[in-house]
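This report refers to the structure that appears directly beneath it.
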Amino acid sequence: MPGPFTLGQIAARLGGRVAGDPQTLIRQVGSLERAGDGQITFFNSKKHQAKLGETRAAAVILAPENEQLTRLPRIVADNPYAYFARVSQLFNTAVTQALGVHSSAVVSPTVKLGKGVSIGAGCVVGDDVVIGDDSCLYPRVVLYAKSILGKRVVVHSGVVIGADGFGIASEDGRGEGPWIKIPQIGGVRIGDDVEIGANTTIDRGALDDTLIEEGVKIDNQVQIGHNVRIGAHSAVAGCVGIAGSAEIGSHVTIGGAAMIHGHITIADHVHVSAGTLISRSLTKPGTYTGFYPFDEHEAWRRNAAQLRRLGRIKSRGKKDG
Amino acid sequence: MPGPFTLGQIAARLGGRVAGDPQTLIRQVGSLERAGDGQITFFNSKKHQAKLGETRAAAVILAPENEQLTRLPRIVADNPYAYFARVSQLFNTAVTQALGVHSSAVVSPTVKLGKGVSIGAGCVVGDDVVIGDDSCLYPRVVLYAKSILGKRVVVHSGVVIGADGFGIASEDGRGEGPWIKIPQIGGVRIGDDVEIGANTTIDRGALDDTLIEEGVKIDNQVQIGHNVRIGAHSAVAGCVGIAGSAEIGSHVTIGGAAMIHGHITIADHVHVSAGTLISRSLTKPGTYTGFYPFDEHEAWRRNAAQLRRLGRIKSRGKKDG
Amino acid sequence: MPGPFTLGQIAARLGGRVAGDPQTLIRQVGSLERAGDGQITFFNSKKHQAKLGETRAAAVILAPENEQLTRLPRIVADNPYAYFARVSQLFNTAVTQALGVHSSAVVSPTVKLGKGVSIGAGCVVGDDVVIGDDSCLYPRVVLYAKSILGKRVVVHSGVVIGADGFGIASEDGRGEGPWIKIPQIGGVRIGDDVEIGANTTIDRGALDDTLIEEGVKIDNQVQIGHNVRIGAHSAVAGCVGIAGSAEIGSHVTIGGAAMIHGHITIADHVHVSAGTLISRSLTKPGTYTGFYPFDEHEAWRRNAAQLRRLGRIKSRGKKDG
């Protein structure tokens, strides 16, 4: 493990201003509640001011407006959370798996591997896959044939990339089965610096490719349908589903368990709240929300019953509206 | 790869009518946007008429009413999307994995395998499993003991079939823990021509079997509880959950991230919209929907606050209703 | 398989009172619909009274108030379902996998295994993992480094424990990408008698540990974020997402596809209904619900349109409210 570093050394590397003893020696990061000797923590919200008072951390990272809330040695930075992330990267490697291909992995001889790639136990990598430099597949990842991954891509266990999209045609054209399968002949391309959480699935394209651009971060158990495009630096939280051919812009965030309809377009800088179903295109940046506010069960039951009568009541009352 | 075929040869095999040069040679299918030399595409919706004007495809499949929208060589068919699916199957195999059992798969000696079966790397197939002719398990599928698969079943990577259902009894009968586990001694039976998407789970029955009938198509990350029955030719989109002992009819479609309560019955030809929770039985065919319409965050916040007062307001106003 | 046992022997072991012939010989449990010769079933709800009349089971477990509904040999017990669970455990082992480490599993030499542990084919167990006595990993489970499992823990196929949590900091502090990864250096600790369903994911902590206490039962495809705590004897149904740092109490139940926001606290004995998003802390026991009641599509469309106008309508009417 790298380090230790003094506060002064940290600030020399990462910027920020030291208040208190710059010789304070730091060996690791820790949480406000549990950090102890030799550990640096961060303070981000006045909600946790009581915890700041009690912390046994050796030093704290905080914003200028909070500088006077503690007498501990501290680093003052405009964006304490991002600063903390960089400090943690000083002490900890982001990827923890050894380089090379594990002997139990099954890698097609036609695969092109960059330098510094790590492929964990039980991975299966299909024909003509390309994996860029310094990328890491944790154990039990499957890459179907022809998937293309950029550099520094991190893929967690259980991820499946390039399985067939859900392409079926209604035999009689009435939108129901029997079904005819449409062979899925597109691929998947994943940009540099993408991270993909455990048990997430990204389908190959039906005809053209599914595309995840550089810097996109995807949490666990996300489902990304065929021919989806996710623009650079977007983030997708856990349990999200993105249906086929949706086009998500750049710098978008999608909250947990949100659901994006297929064949719609979402503009750059849109933020979708958790639990929200986006059913049509969004052309303007902003935050969009749509989940049913929970209540005690009986109150919900009464409200939901009225909600189901709303169309009727209101149309009757239209003349007054 | 099979082919090439002329438009005339394609129509001779699959029906439809050729307009333009029947000698047009086709090597592959492609999308309206990207198809090029030697590729045939399809046109399905007037929304994409501009793209049809610009396509560089060699030929187009379209409906009679759209025949005059292009001068390209074309095949006129009543159900262009289904026709396209069949054309794609001419040029592409639906299953892309080699026959036989991969050397890294762990297959119990008691398993009965049909002819033409393909079992990918890292699969684990338990005792007394039966797999019908021409079925394919992509890498890293797990079939627990006694699972029974029909013919031409395709199972994508990461699928788990036959894990224990969520069978727990409340020790004190108050509907909360501590819990007593109920051994799950039923099985799973899967009919012919079923396809199951990546990382989907289908639990074994508690006492009797879980049953997926022929021709059912299931997308990725679907959860199917113990003793569920899904009738023939139904389709289940990604991220759907179907709770234990639900009985789904035939020719049903269930949209992405919909949720079906346990112990209810859904009639044939029902269509459940994406994001909808079905909380009681449905005895009539039709389309059923229930998701919160999203809005800009502030508008949602105001509406949701009123929604939570609806039961109170309306019951006060009942005398007027 | 253990048994057979007479009704008398069963009652001598498990309590309850026999009505009818105590020499009735039982070999296995079965459902009301399909149990036959030598099988015992249970009756739990008057809804199924017709089935009780027709059952061909050899004996029935039922509550005192239902004792006279059948003339079959029977065991009368206060909590028939829990009693049935125990009877089934007499005849069936809850865990069906052989002891020992399968030859295809990849287990770090630094792992500490208890007695009677079973590790299935294709499992990957990282450095410094601890697995308590009599625990079972079904095939293709991944435990990242330093995960700690108690005794009698059952983990189904496809589960990933200890993957990185979704810890990213917004580089410019505006809540959107580019993102800086925060190394995830906490662990996961899982108590005794926990069961975890297929393809569920439990992330390692960011700084401190993720914690699942004893007796917790988790269904399939559940996502549990970093630093979540789930209190003893809680149960989490399929497709649930629990966002990072949520604190769930003991004896809590969470229905299928419910979603719990991050950084909130849920009191002991809370019951969250299926499909409900819990967006703030719950300090009182009780049942909480919040899903949109489904309807026929056109009715839903009309109601949803009015719902989106509710804030506007009501604020205009405020003077009357």
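For clarity, chains are labelled A, B and C in written order, and residue numbers in each chain start from 1.
Simple rule for what comes next: contacts are C-beta pairs under 8 Å (C-beta built on N, C-alpha and C of every residue); 3 or more make two chains touch, one makes a residue touch a chain.
Keep in mind the model is a prediction, meaning the values are calculated, not measured.
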Overall pattern in which the protein chains touch one another (line/ring/star/complete/other): complete
Superposing rotation of chain A relative to chain B, computed on C-alpha atoms, to nearest 5°: 120
CA centroid of chain A to CA centroid of chain C, Å: 25
Shared-contact residues (touching 2 or more other chains) in chain A: 104, 122, 140, 158, 199, 221, 239, 257, 291-293, 295, 301, 305, 307, 309-310, 313
Touching residues (chain side chain A, partner chain B) in the complex: 104, 106, 122, 124, 140, 142, 144-145, 158, 160, 163-164, 166-173, 175-183, 185, 199, 201, 203, 206-208, 221, 223, 225, 239, 241, 243, 257, 259, 261, 273, 276-279, 286-293, 295, 299, 301-303, 305-307, 309-310, 313
Residues of chain A defined as touching chain C within the complex: 28-31, 33-35, 78-79, 81-82, 84-86, 88-89, 91-94, 96, 102, 104, 120-122, 138-140, 154, 156-158, 195, 197-199, 215-217, 219-221, 232-235, 237-239, 250-253, 256-257, 269, 271, 274-275, 291-297, 300-301, 304-305, 307-315, 321
